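Next come two complexes built around subunit A: one with subunit B, the other with subunit C.
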Partner chain A sequence: MSTTSADPAHAQPASTKSLASFGLPPIVLYAVGLALLVAGPFFVYPLFLAKILCFCLFACAFNLLGSVGLLSFGHAAFFGASAYVAGHALKVWGLPFELGAVIGTAAATFLGVVFGYVAIRRQGLYFAMITLALAQMIYFLALQLPFTHAEDGLTGVPRGRILGLFDLNNLYVLYYTAAVIFVAGYLLIYRITHSTFGQILKAIREKEPRAISLGYRVNDYKLLVFVLSAALAGLAGATKTMVVQLASLTDVHWSTSGDVILMTLLGGSGTMFGPVVGAVVVEMLEFYLADSGLPIQAVIGAIFVVCILLFRRGIVGELSHLLDSKSRGKAG
Partner chain B sequence: MSLEILMGQVVVGLINGSFYALLSLGFAVIFGLLGIINVAQGTFYMLGAFGSWMLLNYAGIGYWPALILSPLIAGAVGVVLEKTLIARVYKLEHIYGLLLTYGLMMFIQGMFVYWFATAGRPYPVPLELRGGFDLGILFLPKYRGWVVVASVFFCFATWFAIEKTSLGRTLRAATENPQLTRAFGINVPALLTFGFGAGVALAGFAGVLAAPIYSVSPLMGGELVITVFAVVVVGGMGSILSAIVTGLSLGVVEGLTKVFYPPGANMVIFVIMFIVLLIKPAGLFGRER
Partner chain C sequence: MPSTTQRDASSEVTLRMQNLTKEFRGFTAVRNLSLEIHRGTIHALIGPNGAGKTTVFNLATKFLNPTSGRVFFKGVDITPMQPADVARLGMVRSFQISAVFANLTVLENVRVALQRFRPDGFYFWRSERALDELNDRARALLTEVGLESLAERKAIELSYGRRRALEIATTLALDPELMLLDEPMSGLGQEDIGRITELIRKSAASRTVLMVEHNLSVVADLSDRITVLARGEILADGPYSEVSRDPAVVEAYLGSDHE
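Coming up: the complex of A and B.
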């Protein structure tokens, strides 16, 4: 029933399994990943890394929705709304970061319920169009509501102290806070997709009529995973506001929704780790292109096109496919 | 509140509505035929406007020839893109069509921003259409009247071409059942290319019409296409006529909102979409599938 060849967007999360068959147990990979995560700030500017981690979490949250076969074109709404609300809570209400993040995430969750309830009434392409249009509403709200300060955005958001003890203006404290949030989010997503609930999501993605005939309330499952995805995207947005001390219109703009799709697609949608790789690549690209004088938007667009025409499995997907066929060749 | 302001905004609304109608019409043609959500529809609108601006400034070709040439150029660009890139994703899931056209939009818009920056460039109103009519309750600039008349005419011409001509019949047949149409010896891939080119040319035509009203800028189509999405969801893509009616009436509603509650003007169409989805998810004129 796997549609891996024709339908790579919904490919199986096979990366760890296939790498395992290549002689590397997943635990080793995760140990390497964790080591990189811990050692990272000693080699790269911690603030930049912390920002990348926020987008990694954002992309993973977006990818969670793919596990039920939905593609949202409006995830910037959750990311951005939470970024603004958390920014307001930190700056104007003077709340500590933990509370700000909770309030921001709660706002994104609420939006997720409202948008999800409306959007899942239509499927496939319509779902994508509707989420894009709904997200545009949030963009206009952000443009007009007084607390978002329109074009200026929320600037100079204070970071405060984490747990009331450690100063987040210390870049290492900042980085490890972001890292802990990212790992927690990642583990939660892993837990969701590898649970019975995740299996049902997969069943719905593979063949919705069959899932319905088995007695599952398909729309309830879709809504729940949509809300979870929105909430985690919100957590990423709130953390980003604290890290870069800014919430701006870019956060709610449709191009941010497009960026997160590109991250997932480029890294490998349907794989657990793909969105992380994609987010790192896209963020690095945007950072290094910023000084090159090249038109970033056009480059991103070109990568999009190449990605869709030539390697739809994405980096992680292609890699594990390659290793898979190699090991299979050896065995046979 | 004066009647003059009210009527003025209704006219502005009709103009915006004309653009919504033209764009969603082209959009519906492409979606019906190719099953592709063309996110780049706004980009071709921008190309149409830029085409006429370039024709004027680089070749000295005025508004009237540009009104024909520029949509043809946009259509030709569309045909090339369809042949080289878009045709490759027909066999894949439909969502890839959306992502591909999104990538194309980013690329084309990015290149235009790179070359022309984001500042708007003025395009003069053609001599014949300067001035206006004093209708008593409002002063109607000739050009604005022309835009409404021309787009409504073109919308109905498209409707006529699709519903009443033999070419339209073939197109509809290819939409309903491509395999069977092919079995009758009709070149369906060529029809698809033509359909895409035609849908895109409609957007280009809207762009030329828009050039003298809004200034010509690389960013002019990006936001518009999202509004057009909402219009399409509200209308439900049931028929060509519903696309026209929905486009025009939502434009007027937007104009009226500008009078009664200005901050809500750019959101009202999305709010209406939200309500329509709650009450009738298939859209006002759509059939439940």
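Coming up: the complex of A and C.
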């Protein structure tokens, strides 16, 4: 090896693995997070928290696309379609929440297959634009189809009982149901990104032509991760309908697709936990600014611009970078 | 074309390009090119910039579709195939700009290639720890190219020369019958050129190599046969010693670079 030319990496001290590269903040942070998750409803209105958790799951599902380097501008379609279908199943068919969630998620999965099939052949911005166009078609359908009740939306969706036993109208039951769904979804996303499949996704994100030249049919991998992301976004949408007892045009509106991008970038798109933080921040802002008389969208827009200009890694991304460079400093 | 198929199967031809033409909006990058790559040889493709060398690579590996003409690999007509499927048949290419998975570790880079032989590429529920089974094989490949001590580093931390070595290790992991190297020496210092040359020679012992290369001393040193391209057409084809004396070649390309 001494014959090789100077290698800059050689001179560096053994680098500590960055938190971002783990994808998972240290176990301590997770313990704190879990404690907050359990104790939360005793300090904040449980219904509000449950709704936030739905958006957390939605943002994490969206972020899953980042593992293969895709950007979707149409994720509201999956969230919203599932919200409507699940709402219809609960309200009109009178099904229990579990079944409604399964049917809603299945609808989102089906849409994911269709969107994915059409869009996956295109790259970058073209991919994003096709997802936006398709999502606008779903919006149009939601406006026109009778079962969605257009501007009125599906209101007064009954919550029913979870497992046939616990009344979901009890806000604590409601909250912990949403929490269990969120944790399950989060763990599934974690597993997907750290699976044998996820390893190939990373390779595709890093250097797609090389992955092809190694014999990977990259479009098949992109399609699968896109469908998984759509399904999880659907699960989030169905749960949201049950929580707020409403499915409306907002759920399929392009601005909801924009919100989820904003949440992910604000929290840190390269991280597992970033989208969760981003979703909490955005939802909190929207809630607490609602009565302030300030123009909410403008405030959030301004925060977004500042975040992109100054903290490109997002909140969690910047924090873990900071911790990382500190521990690097110690090692050096 | 059964006749071609039979001929290739029985003969020494690994890759056959037949009357390939590639046009880009009126510009003809490759014109009616026919070329045979013989099994077990190191074949170099040279020519001035813009001669169409990389286009030929892209056509052979199906990263581009020809406007007309056909490509046969091991006697199979691969013209209608997708590039990933061509790779699965045993033709693996490298790229002009180093193509490593920058944020994966050196070990993971090689493992990604080895993983292709496993059925769990789509198992999104199986922990990536299952891939640790591949570590021994991956480390053995890294040892072959002298990178074993850097296995845990991220590929982006490697010097340019070592990235080239990693690329070759990744390609060797697939044990391809035909290796296509697009300017393997570009951007390398003299010491690295020596190492990579030996590496290519070693890996070519059991396979066929087609390479695009500008460094003529490397070409002279390594290749059994060379093809000179100019403006998308073959100017000369044959053993290096013959071709390098061809007056047309000397005039069109070798010219002053060649002593």
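In this text, the second predicted complex is superposed on the first by the 307 of 332 C-alpha atoms of A that agree within 3 Å, B and C clash if a C-alpha of one lies under 4 Å from a C-alpha of the other, contacts with A are read in each partner's own complex, and residues count from 1 in each chain.
Keep in mind that, in the parts below, a contact is a pair of C-beta atoms (placed from the backbone, for glycine too) under 8 Å apart; a residue touches a chain by one contact, two chains touch by 3 or more.
Keep in mind the model is a prediction, meaning the values are calculated, not measured.
S.K.: Answer with first, second, both or neither: which of subunit B and subunit C does A:Leu224 touch in the superposed model?
M.R.: second
S.K.: Using the superposition on chain A described above, determine whether A:Leu214 touches subunit B (first), subunit C (second), both, or neither.
M.R.: Once the two structures are laid over each other on A, A:Leu214 reaches subunit C alone.
S.K.: In the superposed arrangement, which partner chain does A:Val305 touch: subunit B (first), subunit C (second), both, or neither?
M.R.: In the superposition, A:Val305 contacts subunit B only.
S.K.: First (subunit B), second (subunit C), both or neither: which does A:Val316 touch?
M.R.: In the superposition, A:Val316 contacts neither subunit B nor subunit C.
S.K.: Let me test your reading of the model: by the given contact rule, A:Ala128 touches which partner, first (subunit B), second (subunit C), both or neither?
M.R.: In the superposition, A:Ala128 contacts subunit B only.
S.K.: Between subunit B and subunit C, whom does A:His194 touch in the aligned arrangement: first, second, both, or neither?
M.R.: Second partner only, subunit C.
S.K.: In the superposed arrangement, what residues of subunit A touch both subunit B and subunit C?
M.R.: Touching subunit B and subunit C on subunit A: residues 6-7, 9.
S.K.: Could you pull out which subunit A residues touch subunit B in their complex?
M.R.: My answer: residues 6-7, 9, 71, 73, 118-119, 121-122, 124-126, 128-130, 132-134, 136-137, 140-141, 144, 254-255, 258, 261, 265, 295-305, 307-309, 312.
S.K.: Under the touch definition given earlier, write down the residues of subunit C that touch subunit A in their complex.
M.R.: So the residues of subunit C in touch with subunit A come to 61, 63, 82-85, 87-88, 92-95, 99-104, 108, 111-113, 115-116, 118, 120-128, 130-131, 146, 149-150, 153, 157-159, 161-162, 170, 174, 189, 191-192, 194-195.
S.K.: Spell out the residues on subunit A that touch subunit C in their complex, using ranges where they run on.
M.R.: 1, 3-9, 12, 15, 21, 191-192, 194-200, 202-203, 206-207, 209-218, 220-221, 224-225, 228
S.K.: So in the complex, which bits of subunit B are touching subunit A?
M.R.: Listed in rising order, the residues of subunit B that touch subunit A are 37, 85, 88-89, 92-96, 98-100, 102-111, 113-114, 222-223, 226-227, 229-230, 232-233, 263, 266-267, 270-271, 273-274, 277-278, 281.
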